[in-house]
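Multiple structures follow.
Two complexes, one shared chain (chain A), two partners (chain B, chain C).
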Partner chain A sequence: MIEPMAWCILAPFIGASLAFLLPGRVWRRPIAIGAIGATLASVWMLTSQVWNSGAQRMDLSGWPAPLGIGLAADGFSVFMIVMTGVVGSLIGAYALWHYSDLSDATEPAERRLFWPLWLILWGSLNAIYLSSDIFNIYVALEVITLAAVALITLSGKAEALVAAMRYLLAAFLGSLSYLMGVALLYATHGALDLVIIADQERAGLPEVGAFALMATGLALKTALFPMHFWLPPAHSKAAAPVSAILSALVVKASFYVLLRLWFGVFDGPAMYAVGILLGTLGSAAIIWGAFQALRQMSLKLLIAHSTVAQIGYLFLIFPLTARRPSGELAAAGWITEACTGVSYHALSHALAKAAMFLGAGVVLHVYGSDLLTNMRGMSRRLPITTFALAIAGVSLMGLPPSGGFAAKWLIVTAALGAGQWWWVLVILIGGLLTAGYIFLMLRWAFISEDAPIQLRPANMPIQLAALALALLSVLVGFRLEEPFQLLVIGDPFPIFDLP
Partner chain B sequence: MPAIDYTFWILPAILATSFITGVATFFLKETHANLRAWMNMLAAAVKVALVVAVMEGFFSGESFEMRFSIALGFDFLLRIDALSLLLTALSTALWFLTTLYAVGYMKGSENLNRFFGFFSLCVTASVGVAIAGNLITFFIFYEFLTLATYPLVVHKGTERAVAAGRTYIWYTLTGGSVLFIGIVWLYVLTGPVDFTPGGVVAGLVDDHPIELIAIFAIMMLGLGVKASLVPLHGWLPVAMIAPAPVSALLHAVAVVKAGAFGIVRVIYDVYGIAFSATLGVLTPLAVVAAITIIYGSLRALGQDELKKRLAYSTVSQLSYITLGATIPGLMSTTGSLVHLIHQGVMKITLFFCAGAIQITMGMTRVSEMSGLARRMPVTCACFTIGAFGMIGAPPTAGFISKWHIGVGSAQAGQEWVILVLLISSALNAAYFLPIVRSMWFGEERRFALEASTGAGRREAHESLLVPMIVTALCSILFGLLASWSLSPLNMARIIAETLYITE
Partner chain C sequence: MTLLSCGYMSVCFGVASAAGAATPETPVLTSHLVYMLTACLLFCIGLFGLITRGHLMRNVMSLNVMGGGVFLFLVAVARRDAGESGPDPVPHAMTLTGIVVALAASAFALALARRIHSITGEMRLEPGDDNS
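What follows is the complex of A and B.
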């Protein structure tokens, strides 16, 4: 019996083992392509299974929780897995070239190690989205951290090592905090399964402590302002495909866990003040991250700071789904918009940000540096990459027509519907600052070059990978009906149907 | 009835003619000048044909609509109504002429694929603005227009052009964001609304009067940037750094018209003119428009650079549309709508001339143009016609618009508007007539002519002359033949009548 849920996790892990065991050059490409293909096939099967027959749950090796470990898939899990699959494969397409013998950007050791590490990371991401067990999630989070740190250090440059070290410490601290929360929960409820804990009676103070610890840890891993200090160096010093993986996918995993806990384990919506606090930190991130991005002189640092800002939007879901002290939902009638909007923001940011980092990789390869001032004349030399960066930028700014616009539309609607107009001001200013740094970047591309310079030729496949991601980030804005329907399967946001 | 007939697909097809051409142009070789020119001309011609077909169908009673659900309460809607036909016809016709002009004007310069590509995208956006059937769709094209014009504004790639581009993008994106908030806020109150003559919000007035006024103000603030209402006009004179065909398009059909058109849409098809009047939001807008008219003319007086003078003139002239739209009454609404067309053909003539003078003689300043008519008689004649139109002298098109707005305001009991019109016309004359006089009767300036080779007539190239002659003729004929049944005036009157039917 083929269980798509299990295969979504197993396929990348098997690929990783093969890539590790058969490091020879001839094997690299077939294994990479095979692993991507097998994972995508599993994702496809899981999607159609959930789409057709609703949310799924399975107990590994037949032991039901609390004894065994449960896997569960609802609409939201599938949404994230599909996002990871699409973005991950396109980054993989770029990496196939970047880590091949055709490229002079990488050393043999990097080429050997990239695929096992990335496939492990992919498998662990899927494991998080499917896991119904808070300890299991902890394990997956740790594996992700280790794989991500190893990926950053691949290039072997001193500054990458320093950045990776900082990232490692921050991520460990986050995991530790999360783990203590898990311990507290286990002590009070005697269970680790999300569903089982949620069904039990609320436990008062220990539970508040557990939530505080877990939320802090996860916010640190998601780089929520002011705990974002580790992100810009880590995401900008890595190689282009690694930066794309980190910024587009990895930060979303810990956010996903936080969202699950908010709705599924703790009665998050009852904590109005906490919701407002998280929203406020998110707003600070939006403004601060964008301001920092405006001050950068190098393309990759600019994009990395932009990630800090874009993560902030995700945290607006908490105040928008909270209940006022009087008990009524703040955004009653607009909850669907809030939840879909934030999920959609995660998706379109993943696509756009991956496109930008891959585009930056092309620039780095062709120009030999990613200083903005070096990008003169780029619109002529690299029209495809310039175009990719520009339309990914359009999605980030939230301008129509794009996924970013659809997300912004939904979030602003929910905020105005909730009467929480102050988030709207933040989104407005954040959008303008985003436009500021996107045009700061594009400006150089349009300025004519002073003197003709000799550059390396750009390779078509990597440019197309960036372009494909950028186009997708725009195209997803044209159709939201299906994502809407997907996201309500299995009721991942349990307040959907309340008045 | 077939599921998808031509009344459905012809609207996306109109957009696709220029969109596909635009995208395809990016992939051409830079040296394929002829292919590029023919491709763009052909697309423009096909678009004209499609629009003519739509017009014919519309006037014989067919309705054109394309609706596509993006998400709940979020429809992408293209629809032809009388109002959208007006702007569609204008953009399509002027696009054709401007493409012809641009092929001649840009000959031999660099980055032409980028230029023509975005040029086409820009027209796609402005037609989209015209045929959008609800506020969301309108907004999508409105912002798309901002993005598509940016590369055109910075086209020259100089530091100055890039700085102008920054000013442009900063103004328009801020305006766009403000407009966005207004649209979403309205959506939260009313749910999804399509443009409906007579308005759709009147039922809400008992519950949310303050909100409705606030939303109106926010939307005007957002639209006012592109409609260059003072004090939001700062980008327009700066953006004239763009190549002449771009300025022509920007000032006549694309960006500024999107703003003015949006204002008309909100007043007539969202709020409804009668309801807007009872809400008391029209008078403040009229005052702002009047200030803009005077201020723009005053600033134009002091400009020596011809394109800059024209730009300030646009600031002023454009607000006639807004001013006319804020005065309830058939006559003034007609004047406002017809000025949408008239200002387009007259201003594009002037920019065509300015560009031709610049590219043929290398002159950009008014003070250099003394005696120019002896060298470029046709261009100067066209310029003169455009200038008289702007002043509003009979029998030009400009006279027709001013007459209608003036009479309409008198009917509505707002005589002060006539005073504004008179002052403005005097100022128009004060900054246009000296140019005309020195062109025809001034002494030739030796130092200016030394730059150019040869003596005697040095008229502009045919591909520059033809478009400007056509638009100059239109500027006169639209005035002379105003009572003809197919004249812009008559169309505007028919449209205005539909806007008042529901009362």
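What follows is the complex of A and C.
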């Protein structure tokens, strides 16, 4: 029998093994395309299964939950898996060229190792989104970290190695903190399955401690301000496809786990304060990241700081879905808006950010450097890439009718409905600062420069990959109905009734 | 950073006592509680080392001390939940898997540190940081 859930994880892993075992040049392209195709087919089957017959659950090898490991797929998991699939395969299309013999930007060793590492990373991302077992999630988080760090080190340059090492130490610390939280949860509940833990009585102090440890660890991996110190160097020193994968997809995985724990496991009087704290840190990230982005002189560092800021918006979900100590919900009646808004922000940011990093990759390839001052005359020399950067910027700023606009509109609606108007202020200021750094970036592209400089020719496929991602990040704003129907399948954002 | 580690430390200790006391009819200080407190202490010592030291070798060792703390905690939980048929096997399985994961991560970190050393001649991330 074909289990789409298992194949979403297995297909990339099998592809990774094949790509590692058959490193020859002849095999690289067929294996990569085959693995992407097989994974997308599994994702498609899973999506139609969940869409037609509701949330799915599967016990691996037939062992039921307390002992075995469960896989579960509801609307939110499928949403994230589809996001990973779409963004991942377009980045893959770029990487097919970037890591081929046509490109003089890469060494043979890089070309050999990119595909195994990226496919392992993809499989573990899907494993996170499908796992119902908090220890299994730990293992997947750690595999993601190792694959992501290895991808950064591929270029072999000293600054990339140092950035990778800093990322590895931070992420290792985050994993251990998360694992300590898992140990505490097991000590209090005697179970590892999210569903079983959610069904039990809340246990008070040990649970708060477990949440503190897990939330700190996951926030460190998601690069929430002020734990974002590792992100700008790691994301900007990597090769273009790797930067796109890290910024668009990898940081979302640890956020997803935090969200699952927030909705599935933790509740109680302390949660309101925790929610406000996470929201405040998110707001600080929005302002600080955007402010830092304004000060950068290199394109990739600017985009990386923008990621720090955009991650902040994700954390606004916590104050909006928290329960006041008195027991009533802070935003009763607006929970759906808050949750769909934040999920939609994750999607449109993934598309826009991948487009920007791939666009930066084209700039780096053609101009040989990504200094903003070198981008003079780019609007005439690279019209497609300039257009892609601008369109992705529109979505990041949240101008209508982009995906970013739909997401921010929903978050603002929920914040006003909850009476927490201060988040709206933060979103508005953040939007203005975002517009600031996007225009600062584009300004250099539109300054005309007639002095002849040595440029390498840009080829069409990589420019089109960036453009496709950018267009998608706007287009997702036009069609909201199906994604929203998908997101509520299986009630992934349950709000507890206090006993 | 020091504040952060102090906060961590108090959280860990409070929680370990609570988890230890969660079993019914236990005296104040049982053997598994001693192990749990030791585990938290190890975790905090590792965290302190990681934050205050700049040498990459020490950083990797600190993370392994923290990992040791987590694994000791899991084994203590298994001992606490021991039934007639012996200790609870699930935390043991988690410990074994955790050790494998930590081994892989440490090996990778050491290889990376060696590469950094061979390229830059430094065994630390910030050059000029003489706090070894």
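To be clear about the criterion, the second predicted complex is superposed on the first by the 491 of 499 C-alpha atoms of A that agree within 3 Å, B and C clash if a C-alpha of one lies under 4 Å from a C-alpha of the other, contacts with A are read in each partner's own complex, and residues count from 1 in each chain.
Just so we're on the same page, a residue touches a chain if its C-beta (ideal position, glycine included) is under 8 Å from a C-beta of that chain, and two chains touch if they have at least 3 such contacts.
These figures come from a predicted structure and were not determined experimentally.
Asker: Using the superposition on chain A described above, determine whether A:R29 touches chain B (first), chain C (second), both, or neither.
Answerer: Touch status of A:R29: no partner.
Asker: Given the touch rule stated above, what does A:G431 touch, chain B (first), chain C (second), both, or neither?
Answerer: In the superposition, A:G431 touches chain B alone.
Asker: So in the superposed three-chain picture, is A:R202 touching just chain B, just chain C, both, or none of them (first/second/both/neither)?
Answerer: Neither partner.
Asker: Note which residues of chain A are touching chain C in the complex, please.
Answerer: Chain A residues touching chain C: 67, 135, 138-139, 142, 145-146, 149-150, 153, 158, 161-162, 164-166, 168-169, 172-173, 175-176, 179-180, 182-184, 186-188, 190, 192, 203-206, 208-210, 212-213, 216.
Asker: Which part of chain A faces chain B closely enough to touch in the complex?
Answerer: For chain A paired with chain B, touching residues are 334, 336, 340, 379-380, 383, 387, 394, 397, 399-401, 405-406, 409-410, 412-413, 416-417, 424, 428, 431-432, 435-436, 439, 443, 446-448, 477-481, 484.
Asker: List the residues on chain C that touch chain A in their complex, please.
Answerer: 8, 11-12, 14-15, 18-19, 22, 43, 47, 50, 56, 59, 63, 66-67, 69-70, 73-74, 77, 80-81, 90-91, 94, 97-98, 101, 104-105, 108-109, 112-113, 115-116, 119-120, 125
Asker: How about chain B: which of its residues touch chain A in the complex?
Answerer: 26, 69-72, 74, 76, 111, 114, 136, 139-140, 143-144, 146-147, 150-151, 154, 157-159, 162, 165-166, 169-170, 173-174, 176-178, 180-181, 184-185, 187-188
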